[in-house]
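Both complexes below contain chain A, partnered by chain B and then by chain C.
Moving on, here comes the complex of A and B:
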């Protein structure tokens, strides 16, 4: 399975002969024009040769910052966008030529408030999409009932969607995406804007999909979510996959050593620049926590950077200093903030 | 059979969406009556009963035309704003079959406007429609409704490709009144624009309404109307596939 940066590709789970999802050197360029008399054309290459495979029954995470190309990649896989070049298939079917076959076997859910008919009830929304997805009339009632149960909306299905909370809408989205019992499920930031309790329930639902043998492609900004749910993860940055592997492999890939956290007050940019060139330091990221700034310093394996880093902060007020094991978020931040990687 | 059920259920649910909007409902109720009032006040000045009857029948068709062209051209935009456009396009059902029940739900609202206009004219202007052949008159109204719905269907399909296509409906509203001969006889229009009138199915439908009201045969008008309407449907089905492909290629489905 090729990657844009083979040096960073790590071991992955063995695949069957026919992957559930396969992307090969997938590219997508957006062209736009502006101006009436003097038209200027611009091109943005949103996805620059992405390749990956997802095995049947696997829960695969696609992580990356805003604008990295996650949604564009998903939209090509679910047939909403035609790739500029490269190819992709879902369950062996080409996403450009076998459009109807692909659509009948995939489910798609995106995060946020939109994507539902506000003036209809939750039940009517599900009835509508059942018809569009060709759910046999005899099965509809039972199918909708069991999905409402699955997403915890039983008893609320008769209410208009405009009165639903964001969490309820998101759960209704999941139910909608599962109406036709798809084999492959695409979830594009499904937990965005949901409260912690709702997000936890949503994660349980997603984990349940994997337990049922569904193949899931999940994009998310929440690292703990990806860490908890995903079998494998690809990190995409500026349209290219920069790393791929299991969550543990990614953590080791980036920082085999420990992470130093230093609480500071009013640290200046020139101080950060100085710290970044300290021998053994791989990255320095600042997390704002109210008046407090926490420097997250990732180091090379075996490097002792605590004293040099504290020495470099001599002009800055310093609070608590601690060490911890690297998290997936550390790995992610380092991967997407690396320059020239 | 399953396809018919799909169309029927989708039609009913889309009609529910249209009926549950208080603001749009208010506009749908009031607009046709305002148009009818304006047309009747103009024609009443002449005091010619035949001309008033001419205007009364034309005013009834004006309501359907307005509700269909404006709503159909904004249909796709509404789906876009609701975030449902991508979902219905991503469904295995052909996009034209998704739009068809929606346009017929809109046509149902248009049908209301015909009845409301006739009653309004009767109540406010004391215009009693003298119709020689009621069954053919009703058939002509239904033909007008269906073919205008098919025209709306064609508009909504073409609108998927372009973000600002909703403006098309507003641009077509008033020229359509003239070109279809709703309140102005086609004889008064320049000969150069008559071909445009002929390719608009409502022109023939409203001629059919007038012919059946006068006790003449409306069948030729209705046959031409039906053929033109079928032409709209065929063109919409053809364009539906190509324009969706074009939208997928140029990434215009999700633009708001």
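Moving on, here comes the complex of A and C:
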């Protein structure tokens, strides 16, 4: 029987002699002050002792809800933030002391509209960062041309970025991050806000990076994206890694049981509380789908919870009832919604 | 070679990226009409009060106005990047900081020089001052040195922007400080001693004095000491600015200030 301890590491990290990325008990606390006469100080521990390793050529996913510490972890790894304690290295170089060496070997892309020079053309954005990364002038034209081809922006490079769609901006970001042919690539929610066609093209681009032997750290909210792309995944919650393993290994956290889905109309919180203590029920999550609330009930292996759950819904209007095998999303939701670490 | 390219090409592209919005409809009123208005204001105040002559106010205010592009444009090269969230990406590159930030200063110095020279030339034409033709090449040189030293102060402001997002507001205060303390409209000899002492440590003070002397027919030999002092003050501010960038960049990494916009 698989353990239900959320802190369990499902598969030990494949330790290599020289991991591409290594984080050891990484912590980051943010301190802030407010007020002028009566100053109040506050502290938020965004990352609480994160440790993991990424092997060369591996595509590693870091999944977690908003505010879980994903971006803070990435910013420490790319040298933009100094850890409060702990250590991290990229290709054997310390991210605090060997800053220039780390910066010259990594690429960094984040999601969203910002981070580009709006009034320059896409081509000039790439030319500027080519200079900053020291790409030799003779290679610049060919490198930029092939990257524009890779991200599907050939023919649009002469237009100012302010006229680009979000998907085009995101692809330009990827091209920018690859200008200096980095060995390790950090992608922080790159597909956020992109339409399905654009997101599919982006996934193909990311898969292409892995095929080229690049090491990639990807954060995303989209489980199918992580499932499709990642060799291994770590789930981070409230600044701590609560599970780590391959997508299949993570699914096994809940796959020994089954998932019951019940369509309801106007289910109340007290009913949910009642269902959560039904013997054999691991978790109950509500998904809002228009006027429907779909109860996603994960059960213990071998437990028959359908009748007790439906019995607990006697005051609620119930629609379709179905069973299915767990997905990575089920595992993720269960991991990040469990109380207590 | 890489640093040279970052200095020249990177600096120019960065300037285009930050000030691509500066079309003639903004540039002309903000950087050409405004200094002329300032020159006329103080020249006519001087006339009505019966103090100073027009040339005194033309040169003082034209050079003083170079501080607008030099302070604000230099500070904006960091503050603007912060707002567009490109600053983190630039900081995360291995580019050496000296050519990266000094390269941004070069177009700013040219901008400041152009604004100040426009003020001196147009102000002189409007108020019919009597600056000898032979003095103009040296005036152009001294104005360039004054623009450089103002840009040095702008670099310090830019460094402050790495940590404090409200750093740009400091520019308004500094512009007024320069207006009062550099002898723009009141000669240093007529200011209280402590104000004159402060003025002697600020950019533009010696450039304004040297330009006035050239306008009165002085030779290069008479002003070269003032020009050298202006240059030294400017270089001192550049050194302070670059050192501040190094320190404040580290502070921004420990204090997580880069993402605050």
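The working rule: the second predicted complex is superposed on the first by the 329 of 341 C-alpha atoms of A that agree within 3 Å, B and C clash if a C-alpha of one lies under 4 Å from a C-alpha of the other, contacts with A are read in each partner's own complex, and residues count from 1 in each chain.
Here is the rule we use: a residue touches a chain if its C-beta (ideal position, glycine included) is under 8 Å from a C-beta of that chain, and two chains touch if they have at least 3 such contacts.
If you're wondering where the values come from, they're calculated on a predicted model, not measured in any experiment.
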item: First (chain B), second (chain C), both or neither touched by A:27; value: neither
item: Touched partner set for A:104, first chain B, second chain C, both or neither; value: both
item: Partner chain in contact with A:214 - chain B first, chain C second, else both or neither; value: neither
item: Touching partner for A:124 - first (chain B), second (chain C), both, neither; value: both
item: Touching both chain B and chain C, residues of chain A; value: 30, 78-82, 100, 103-104, 108, 114-120, 124, 127-129, 131-134, 137, 176
item: Contact footprint of chain C on chain A as seen in their complex; value: 30, 78-82, 100-101, 103-104, 106, 108, 114-120, 124, 127-129, 131-134, 137, 176
item: Partner chain B, residues of chain A touching it in the complex; value: 30-31, 75, 78-82, 100, 103-104, 108, 110, 112-120, 124, 127-129, 131-134, 136-137, 160, 176
item: Contact set on chain C toward chain A in their complex; value: 2, 5-6, 9-10, 13-14, 16-17, 20-21, 84-86, 88-95, 100, 250, 253-254, 256, 258
item: Footprint of chain A on chain B - complex, ascending; value: 2, 5-6, 9-10, 13, 16-17, 20-21, 82-84, 86-93, 98, 245, 248-251, 253-254
